[in-house]
């Protein structure tokens, strides 16, 4: 059996969330809550909750970046000082701790930020091609629910959406 | 001359003999100007010339009259630096900044590189043949010139070049050798002559416990500054001597004094007599001088002295007391004492103290008697300039040669020397660079600088024995179109004495013969050749000669000092102190960047002239630093910036000499003002010398103002920092030091 | 007496207009897009005036720099020992300027102060561009700028490294970190808006925005990652910003020179940085509000809040400033004390006093609501404050050189040459040029965040209003 | 590689200069430590040292205007101070102070140079690497003595009109615009002497080499040498004057003249000055 996509656009956010709630409740055959994607102009933590746990892993990238930056940074600086014996500085040891700490701190932040952002791109799957059922109004003021389900389940879902006064329902076939 | 070098064997022999690490003459280097300078110039170097290693040639510094033995550091055929020659008793291996600047004279961008001839009022380059032809025509045998019509003006000279010059004059049947030095020691010579019967006694600074110096800047501009500085250093070592300086304007020596006493210019003699007065109160001293002097001196009680000299009366007794307790002592006089109508009397009065204190023979005795009078130095005098000027003015002279002097720059304007010089039909100048005098001449001949030429010198102040310092080229001539003064003179002599001088193709051979003659005097046993190279490699010949016996005759007649300071002229209330800068002297080396940029020790001013005025006086006249002042005498006006200087008598204005050139080159031209110009016709009565310090001036604010360019910052004290710490002499324990 | 539904509506209406809001809550989202996107199309004439003027100014600076590059630093009329001048002073100024962007977006973001939303975008842009300008000054200041890369720790065959002990190297690292991080922060925060631009643009611009928006679709997954990332980077940026200006402060604090060797310098510098930054935000706020017709979004209440913030920081700065003087005075170190006295009485006295006046007295004018709500007044004040802060940096650098430890080399005559002034002026041109370009190309008001703001606020007010009405009804019901 | 040897001798890397025994004859770290002793009592302020330095180190003559702008390049300068409580006249004369780079052991300039262009040599000199210098001028800003001089102009093209370049010392480079320079204790002479000594399997003898200023000084006010060698004159003078290179505060008798300028800033200078003496009875 083949699966297909369908996008429903709502103006009323409450209706949209109700629609999702109902989808969740009605365990239709051939339909899985995981296949629901919410598309919104602003972030809707409260609605996202309805979609169940969808974990984010950015923090772990951050942790790695920070550790790498600080440890690697200090090792890099101190070892380069250690290999550069030709020009000692009067009044200071070859490897002075306070200055190295300052630099370590900077590198800790530098890599922390970089790798966090890397994590973001990976986690958010950016850059990506837009889905063919993307609608510009989503970026304006409407909320879109994109679902993927068995063709058999489609009519039921469609009429569920219409009940929740979806402005427009775009199926894969239509347009 | 560059061909008359040494062959290899000579060199080896000489090393064996000389045994010194100093290398030999610079002959044999190819011309560094030829071809690309990137190519190492020594195409056929001497064996000892290793590329990349310096070779040191001994020679003599001719920047001033003290004839220090120096060494030139030579790399790849170029002299790079002047350093002291340790074998020279005069320099003792040390050197002053003026001596350092010899290389900048050599490489001066404004050097004259070819003969110049006056054509239609301006100097045009000519070939040497033309130039010499002209000389022949004007002064040669066929010119019919007689000795009376010819004058040769030189600076102070010594050694064999002097001999040659005099021989030339003699061949012309002329006696007109005028030796002129703008800052000549003639007056002090005269005074010493009167008192001790010698021109210049030997001064033992190191032996003295107390030196009382009346305006003698022996550290800066004295007879032999480098030598005196070394002696001064010994004098300051344990047991540390005390230096008292009495002068109208603080000199470098005064800045190092333990006590500096400002005094009205010209009254130093009176102060000395005042001190004598105090000293004679001690009965030991009572018998030391003739009775007539005792009576004369009796007049000078502290109050009188104070009223004349403007020095607080107790200081007279103070100085006397110090002289009394610190013995042996040394009392000396300097330019600011001698440059007055009664300069000789001043100096004599000061020497009287030595007599009273019995320093004569202890800290002050005779120099060695030079066995070679013909090469002995002749110190110049102003009298010479005067007679030349008169001769030129009266049209007596048909031809004038000028060498080593720049009278147009140094002669006061009242003499009208420039115009008189123009009256002379044929004027020849021998110079390194075109100066004010050369500008006026009909023929200007470019000669070697001191570091390109051979020569021999004898200083008129000899530390011990007689030191003949040899001058040899430190490098090949820089410009192919320049010639050795000696060669030129020899050629001129040959005009009339060809047969007598035919033995000598050039001055080098002449000098060699002459020097070799000295061999016997120094008990040198090896061959002449060796003696010659030995001499050159060591740079000095020491002749131990008998010491001159110095008498000491004083009479009250020598001491008739004016009863007051020179009469005040209300129109010109200030005493002008034309101070001598230790690196500028009479200004002949003003075109050296190093000297221009080396700050004046006391004012730290560079690249300029200035008028030192006491802050108190300045305040009363509303003068601030940098204000332009008009300093006028009867004979002219100078527009010069004011510098507020505490080390000067409130009634005096001091302007340094040596600047204010209208010619001479890019570093000197138009920098500062020339105080020589405004000097009044005041003369020393005994010698007829110009009384340099006898000029009165008036000072007027112009209203203009400009920043004074100096190294000193906005503050002149240490602002509480511990930078220079001063320790009282009684606390210090120099004897325990290393 | 409320008894009908209509009456209730009226009552709600009344309460709506009673209090002035940061932003109108009934503003349509489509309208927001429209208004902001308009700023990318046709700004007022003034925009072009400013842009051209800045360009010209920048050109002046470039000319001066070329001359200095060819001739040597001497043309700046610096000397020994007065080796630093306006370049370093202005460098600090620009670094300082960059701090408020972070303050507004990061700190306020963490503190959920949502009134920042309409204005943080251009504040962040300001951060980035002022950092770029500061970077220029490091270059301009170098005697051999063509060798600047020696400061970078790049591996090379000789194993020579920069001197990691030098505060200048710390500077280089910190500024690099800060510049890149704040650029990333700016960009990440802009992605949803870029998507909006993409959806509304056509032709070349569409390609451009499509590329930049990385195919953002606003899916729940994207939003979730976005939320976390944005928060994390913000958390990084705050300590970073503090560290950057502390390090700039150590350039002076770790040296031995009187007037620099002061332990309170790092906080003092940071306060000064936030201060000048906030003042700059006010200036640009007013300019953008007019130029791009942002009256709807950059509203008076927001301006007032910013003004209050600036005033608070001004007081902090004043305090630290006085602490510096006091500690120098009571520390009674001869060198430092002399330097301080010299600043107050010497050749720089007029500027020093003006700095203190502008920095500590002028801000009090913002204590008055009337002033805070008067746009021209705020424009003038904010500019005055920045003049004061610029003077402060100059007064830190120059007097110490003119009156340092070593009296012989004191130098009271030095005055910056026209070249120095020209380059300083040029830097302002450069900054304005970049900033104006940015505002023309990218949405300088964050559309999606304004939407959030409107959304949440409207919900909030609706609830509060409703509850309060109910209470009243209850009360009245009891009465009757 | 680097990390392992970093761990191996961590203590060595943590050793803070100057430490006692850093310089000694049996080659702990270096058997040379050049130092000076300068007797202010015999310094007459004659500027011979300054001119010698110009000649030896190719210092440019900057001219009046640039001198006024404070862009003069004299590596050694003679300072002239009047006494703070001077009456109407400077009756005790002036105080002259030759000031050149003090070659500090804990040099404030070294730590702040971003590119490590100035740093410490094994024989205790404060070296300046012209090729590495990028002209940030931080070293000058942090130098308490202000003895660092910056090339504000391209002097090689202006300061030596031909044929003056022929005088330039080939052992010393001519500095271009935009680099910092300072007194080097005539390092070119020191290196020549050291290599000469090395070829003869010996150390440099005392008095074998001296900087241009020392050599010129007519009063021999400056003594120069290797302070590591206890028999060298300079070492004996330091000892005799009770000045210890490794101390930042000397406890010494008040009769002793030795001191180091601005010692309280703890730069550990290598130049010892000896107090000027004045006869207060005079």
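The first chain written gets the first letter, and so on, giving A, B, C and D; residue counts start at 1 in each chain.
Just so it is clear, a contact is a pair of C-beta atoms (placed from the backbone, for glycine too) under 8 Å apart; a residue touches a chain by one contact, two chains touch by 3 or more.
This one's a predicted model, so the numbers in the text were calculated from it and none came from an experiment.
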| item | value |
| --- | --- |
| Chain-contact steps, minimal, separating chain D from chain C | 1 |
| Chain whose Cα mean lies nearest the overall Cα mean | D |
| Chain pair with the higher count of C-beta pairs in contact (B-C, B-D) | B-D |
| Between chain B and chain D, centroid-to-centroid distance (C-alpha), Å | 33 |
| Centre-to-centre distance between chain C and chain B (centres being mean Cα positions), rounded to whole Å | 69 |
| Distance from the mean Cα position of chain C to that of chain A, given in whole angstrom | 29 |
| Between chain D and chain A, distance of the C-alpha-averaged centres to the nearest whole Å | 63 |
| Of all residues in chain D, the ones touching two or more other chains | 72, 77, 79, 81, 97, 108, 111, 116, 119, 262 |
| Of all residues in chain C, the ones touching two or more other chains | 160-161, 163, 165, 169, 405-406, 408-409, 411, 413 |
| Per-residue overlap in chain B, given as positions that touch at least 2 other chains | 707, 712, 717-721, 723 |
| Contact graph of the chains (line, ring, star, complete, other) | other |
| Which chain pairs touch, all of them | A-C, A-D, B-C, B-D, C-D |
| Residues of chain D defined as touching chain C within the complex | 66, 69-72, 77, 79, 81, 97, 99, 108, 111-116, 119, 132-138, 140-146, 148-154, 177-180, 262, 265 |
| Of chain C, residues touching chain A in the complex | 28-30, 33, 153, 159-161, 163-165, 169-170, 173-174, 176-177, 180-181, 184-185, 188, 191-192, 195-196, 199-200, 214-229, 232-233, 236-237, 239-240, 243, 247, 250, 448-449, 451-452, 455 |
| For the chain B and chain C complex, residues of the former touching the latter | 707, 712-715, 717-721, 723 |
| Partner chain B, residues of chain C touching it in the complex | 334, 338, 405-413 |
| Residues of chain C that touch chain D when the two form their complex | 71-74, 77-84, 141-145, 147-148, 150-151, 160-163, 165-169, 172, 251, 254-257, 401, 404-406, 408-409, 411, 413-414 |
